[in-house]
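Take a look at these structures.
Paired with subunit B in one complex and with subunit C in the other, subunit A is shared by the two complexes that follow.
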Partner chain A sequence: MPRLLTFLPAVVMAAVFLWFAQVLGPVAAGNIPEWSWMWVEGLGIELAFRLDGLSLIFALMVSGIGAIIFLYTSVYFKGHEKLTRLLTLLALFAISMLGLVTADDAITLFVFWEGTTVTSFLLVGFDHEKQKARDAALQALIVTGVGGLALMAGLILIGFEAGTFRLSEIALLGDTLATSALYIPIVILVLLGAFTKSAQFPFHFWLPGAMAAPTPVSAYLHSATMVKAGVYLVARMSPALGGTELWIWGLTLFGAVTMVWASVLALKQTDLKLMLAYTTVMALGALMMFLGGDSKYATVGVATFLVVHAMYKAALFLTVGLLDKGAGTREVTNLGGLARSMPITMMIALLAGLSMAGFPPFLGFIGKELKYEGALAVMSEPLFVATAALLANAMMVAAAGLVAISPFWGKTPKSPKPAKDPSIGLWIGPMMLALMGLGFGLFPDLLAKYIVNPTVTSIAPGTAYVKLKLWHGINVPLVLSLITFGLGFVLYQGRFVIRAALNRPTFGGIPAAVVFDAGLASFKRFASWSARTVQGGKMTVYLRISFAVLTILIWGVHLISTDSLVPQPEAIALIPLVVVLLIAASAFVVLITNSRLFGLCALGVVGAGIALIFTFYSAIDVAITQILVEMLVVIILAVALVKLPAMPVERNFRAGDALIATAFGVGVAFVVVAVLAHPFDPRITEFYEAASLPDAFGRNVVNVILVDFRALDTLGEVAVVLIAAIAAVAALTAGKIRKSGEKP
Partner chain B sequence: MNSVILRTATRVLVPLLLIVSLLILWRGHNEPGGGFIGGLMAVIAVALYAIAAGPNAARRALRVDPLTIAGIGLLAATAAGLWGVVVDGAFLKGMWPLLTTAPDGSKAGLPVGSVLLFDTGVFLTVLGSVSAILFALEDAVYAHSHREAE
Partner chain C sequence: MELVLAALSGFLVAAGAYLMMSGQLVRFLFGLVLLSNAANVVIFAAGRLTYANPPFVPDGAKIPDPSVANALPQALILTAIVIGFGLLAFALALAFRAYQSLGTVVMDDMRACDPPEIPTSTEKPSA
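Right, the complex of A and B next:
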């Protein structure tokens, strides 16, 4: 791939971003663009897209940060052999994510949702030579995949209850869903989908694991975009599902626990990237908690914090990449005093870190103030929510200090290799993000008008316009902010003591990831045990089980049904009678012969006899097929005979097999008797006979049915034939190297 | 297998079987026959050749890998189905490009179209799949007997 071409995705993404940006004005004014195409008409499923405030804010984040990430990736992995693959996967992910956040049909949304799951799996496992990356990818896939299935069930239930799959119509239904009988299962299923995707407790463990992905991937998927899909889903469903005790408390409790627990775990880490991963989980918990707040301020807090977090977190992730590249490590304990050697990296880290800690005049400050205001206004328990937010925010201040200050602080430079700033292609993106955090903090009106308010209107329709301000006067949120800074400073000073305490093995019980791994391992053991037991690989066993089951089914039906099993007397012509006797005699020979070849020929006679009987009843096509198949069976078995060991001389009588065979044969005979007892219904035959020539221009009705009337069945059957052939060839040639040349 | 009778007979029988198999495919729409039966008959020709001259010679005689033949067959059958989609919006709808409708509603011309393509697809799939299994089996047996000889 030519080097210049690797920048193409970044350029395209930037163009997409600009396109979304020019829709901001119309959307803020209430003109919401919509597109839709019918997809599955019978089920009322459409491929529908809609760009309201909530969709637009996410689309802008996905495309804007996407453009920066694509540029960063092209430079970060310059000359890497798998750069093309990485860019392709990232582009596929970006498309899925854009589809997810703009979808207006529940099924459309789900399809793109699964698209992000699959691309995320491939991206986390990008370094697939490493066991760790493969395990992390599988873990992320299983957790989010199971959640995705729950979500699908939830969305289908919503569709049935609401009578439509259009999300914009569902949002207008008021409390139709909240009062429906299926409300509780719907909420549980939808929240399962959202909580697994957005790494809420107890599913939080996959996100830190997913840090096995390359740094730009983590910055994109696992901070700014994909993990927020759960938040997006909850926000999107809020008008239709929100407002109930179950919704409010479910979100508040899980969000709060996730938020506090993740910020504790963040302080435990020494790998900067892992630390950022836990702070991301914390932010996701906070967003969930405030979405459960069900108040105007909480919703404004969510909309603002979404933007704030995406900017500083993506910038910080990319900064960690810069440190990794420029100084050779991500371990905070091996970094220090880099202010002089990496001034640009330090600038970015400082700008983003101050926003993360929530210092004025950064946008992070406004975000934090709004969070406190929202916490005090929540419907559930303001004191609980505010305390949880205060604790988490204080730990966030400390974590911001660890990421943004400690690598650069101190007189003596400390790094594994001589540190220097990476090239402009790498730092320009994070710099832009970090500066935007400052710019929006100084001019919050822009953000309020074009982004926050349209988003709030989508989540909670009918909310009055909200102004964003840096200075709110002296009030409770400001006091809480000051307490946060104080507490955060103390935590930062005590970071070594805290880390040591948290890293004691007794701390925190059993990690969720360990439970997950143990569960997965025992499931695999069970699967391998059951496969070994059921699939023993012995043909005789398979045949015995198959025929035993068939026999039981046939006799079961005979016992239930009231059909007469007494054969009706019927004259049999002489020639068919001779053929039947021939068949019976040949079958008997197969049983008693000591020679495989002799048995094979006798089996051929059985087949030929059956073909003869077909011809007596003028089923000539079936007879020809039967004869040809018999010939092939004899040929194939004759080839295989060479490989089989010699037959034992002693006669081997197996009573069990004899019983199964007899019961099966008699059972089938009774089936034939029972079928013949019913009068023959000629309607189908007459239809085909009448329609064959005029409609399909063929006089051979059997063939016309096969290739025209019921051609779809035939297509399926030939596909099965081919698949069986591929499987047989694979099984026969497994582990063998084919020798060229004739046999000796 | 080294038998003079078999080798001589094969020289006559294989082309004969192949021609008959094509005939059966062609006439299947009106007389007993069709793609499935024709395919089976062609396989028997291939099997006969493989027994007389060895699987490698049979492979060379086929020129194309049997699984590829089967794949082409499945593609042809699917294409016959898509033909109907493109022209008339219905999967597997019979297409008769060489038939014209007379004013009185009766049809005239050659009844050849998507249905024959479909049946040819069935023919090729059966021929390719069964030949592939047969060759793989012969290889396995050959490798087995070769190992025992050592």
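Right, the complex of A and C next:
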């Protein structure tokens, strides 16, 4: 690929961003563009798109950060042999993500949702020669894939309950869904999809694992866009599903636990990228938690924090890439004193880090203040939410310090190579993101008017206009902010002690990733065990299962049926009874003999005896056929047995088989008894009898039925015998050809 | 007498099934023969028995006497016998061929399609 062409995706993305940006005005004014095409008419599925405030904020993030990432990637991987592949996958991902956030049809949304899952799998496994990358990719795929299936089920249930798949129509339904009988399964399924995608506890482990991806990919998918798809989904569904205890508590609890736990894990890391991954999980937890809070401030907090986080986190991820490139490592313990050799990187890290820590006048400060206001306004449990937010924010301040300060000041450890700032193509993007965090902080009205308020209206329709301000006067959030800074400073100072404590092996019990791996391994073991059991390659097992199932079916019908099994008493003729006993005795001989010859003879007796029965009871043609066939059977069996080795002696009585066989036989006998207990219905026979001579000119009714009324059936029978003969010949000849060659 | 035949069919079915589960090719074939005989007896008994009165239309009459045997199950059994014979002939050829190729008449050792498990490197085989 020509070098210049590698910048094409960045240019296209920037154009897309600008196009979305020019829609901002109309959308803020309430003119929401929509497009739709019929897709699957019979199911009412449309390819529908709609750009309301919530969609637009995500579309802007995806395209804006996308443009920066594409530029960064082309420079970062300059001359890399797989650059084209990487850019293609990133572009596919960007398209899926844009489709996801603009879709207005639940099924359309799901299709794009799965698109992001698949492209994420391919991107995480980009370094597919590395086992670690492959494992991480698979883990991410399984976790988000299972969540995707749950989501699909949830969306289909919603579609059935709501009578439409159009998300904009579902949002207007009020509490139709909340009062439906399927509400609880719907919420569980939808939240399962959202929680897996957005790495909420206990599914949080896949996100740090996904850091095996190249740094630009992590910055794009796993901080700014894809992992927020779950947040988007929850926000999108809030009008239709929100407001109930289940919704509020589910989001608040899982969000809070994720937030605090991820912050703790972030402080434990020494790899800057992993640390950022955990802070991303923390941010996602915070977003979920505030989506659960049904107050105006919580929603405003969500909308603002979305933008804040996307900017500083993408900038920081890219900064880690700069450090990796410029200083050759991203281990925080090997970095220090880089302020002089990498001044531009330091600037970016500082700007983004200050926003992350929430210092004024950065946008992060406004975001944090809003979070506290939202936390205090949460109806259900303000103290719990506020405490969780305070703890997590304090740890965020410390983590920001670790990322933005510690690599640049202090002693210079021996780095693998002399550090210097990378080229402008790499740092221009993150610099822009970091500066935007400052710019929006200084002019929050812009953000409020065009982004935050339209978004809030989408999540919680009918909310009054909210102004964003840097200075709110001295109030509780400000006090909380000050406490946060103090606590964060203390944590940063104690970072070595804390990290050492957290890294003690006794800490934290069993990591979720280990549980996942163990679960996956045991699932594989179960799968191979069940496959080996059910399809073990043993004919006897197959036969036992088949007969057992048949037996159970027959007895099941007997037990369910209310028909009487008591037949009419009947006369027993002596001579036929003797023949029947002879047949039974011969069959018994076949059963127990160890001699082929005895068995063969006894079989002959069985067949001949049955022919006799046919003769007694007026079935002359059947008897003739039976004798002929029985003779043939005995002859060809005899021919075959000569070629087969002697029958192995059977010494053991197989009790289990006997049980199955007996139950099966008794079941069949009772089927006949049940038939006999019913009055006989002669209508079909009477038709044949009446039609035999006038219509078919035959006096033997059985023959007429065979060759005339059911001639087609007889033709089929002839065909079956012919096919059996051809197949038999084929099998026998193939055996002869095989003889010359190798063992199969 | 139908009840006697019902019991006989049950016994033949049980014997056939037991033989088929033995895992030996020859016994399996014997079981198959018993099973197909049993099926015919089932159909015959279910159609009711009539002693020595075959379903013919006598000379001069247009329809048979109402007392004749039921013709329908007889026609069905005729088909079943022939099909059963085709099945047995094919099964025999297959058995013979299997013995030639695989060198065994123990059915559980005929595992060309589902070979016994080959342990993989990542996992220990478990029972």
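Please note the rule applied: the second predicted complex is superposed on the first by the 523 of 744 C-alpha atoms of A that agree within 3 Å, B and C clash if a C-alpha of one lies under 4 Å from a C-alpha of the other, contacts with A are read in each partner's own complex, and residues count from 1 in each chain.
Simple rule for what comes next: contacts are C-beta pairs under 8 Å (C-beta built on N, C-alpha and C of every residue); 3 or more make two chains touch, one makes a residue touch a chain.
From a predicted model like this one, the values you see are computed outputs, not experimental measurements.
With both structures placed on the common chain, the touch criterion links A:Ile575 to neither subunit B nor subunit C. In the superposition on chain A, A:Asn700 makes contact with both subunit B and subunit C. One of subunit B and subunit C touches more residues of subunit A, and that partner is C. Using the contact criterion defined above for the overlaid structures, shared-chain residue A:Leu383 touches neither subunit B nor subunit C, since it reaches no partner.
When both complexes are overlaid on chain A, the residue A:Val629 reaches subunit B and subunit C alike. In the superposition on chain A, A:Asp621 makes contact with both subunit B and subunit C. In the superposition on chain A, contact of A:Asp708 is made with subunit B only, not with subunit C. Of the two partner chains placed by the overlay, neither subunit B nor subunit C lies in contact with A:Val549.
When the shared chain is aligned, subunit B and subunit C each come close enough to touch A:Val721.
By the touch criterion defined above, A:Val642 lies against subunit B but remains apart from subunit C after alignment on the C-alpha atoms of chain A. According to the touch criterion, the shared surface of subunit A, contacted by subunit B in one complex and subunit C in the other, consists of residues 620-621, 625, 629, 632, 636, 640, 643, 698-700, 702, 706, 714, 721, 724-725, 728-729, 732, 738-739. Listing the residues of subunit B that touch subunit A in their complex gives 28-37, 40-41, 43-44, 47, 51, 54, 56-57, 66-67, 70-71, 73-74, 77-78, 80-81, 91-92, 94, 96, 99, 107, 111, 115, 118-119, 121-122, 125-126, 128-130, 132-134, 136-146. Those residues of subunit C lying in contact with subunit A across their complex are 1-15, 17-27, 29-30, 33-34, 37-38, 40-42, 44-46, 48-59, 61-64, 68-72, 74-75, 77-79, 81-90, 92-97, 99-102, 105-108, 110-117, 123, 126.
Chain contact summary for the complex, subunit A toward subunit C: residues 521, 524-525, 528-529, 532, 535-540, 543-544, 547, 567, 570-573, 576-577, 580, 583-584, 587-588, 590-591, 596, 599, 603, 606-607, 610, 613-614, 616-622, 625-626, 629, 632-633, 636-637, 640-641, 643-645, 647-648, 650, 654, 657-658, 660-662, 664-673, 675-676, 680, 682, 684-685, 688-690, 692-694, 698-702, 705-706, 710, 713-714, 717, 720-721, 723-725, 727-729, 731-732, 734-735, 738-739, 744.
Within the complex formed with subunit B, the residues of subunit A that make contact are 620-621, 624-625, 628-629, 631-632, 635-636, 639-640, 642-643, 696-700, 702-704, 706-708, 711-712, 714-715, 718-719, 721-722, 724-726, 728-729, 732-733, 736, 738-743.
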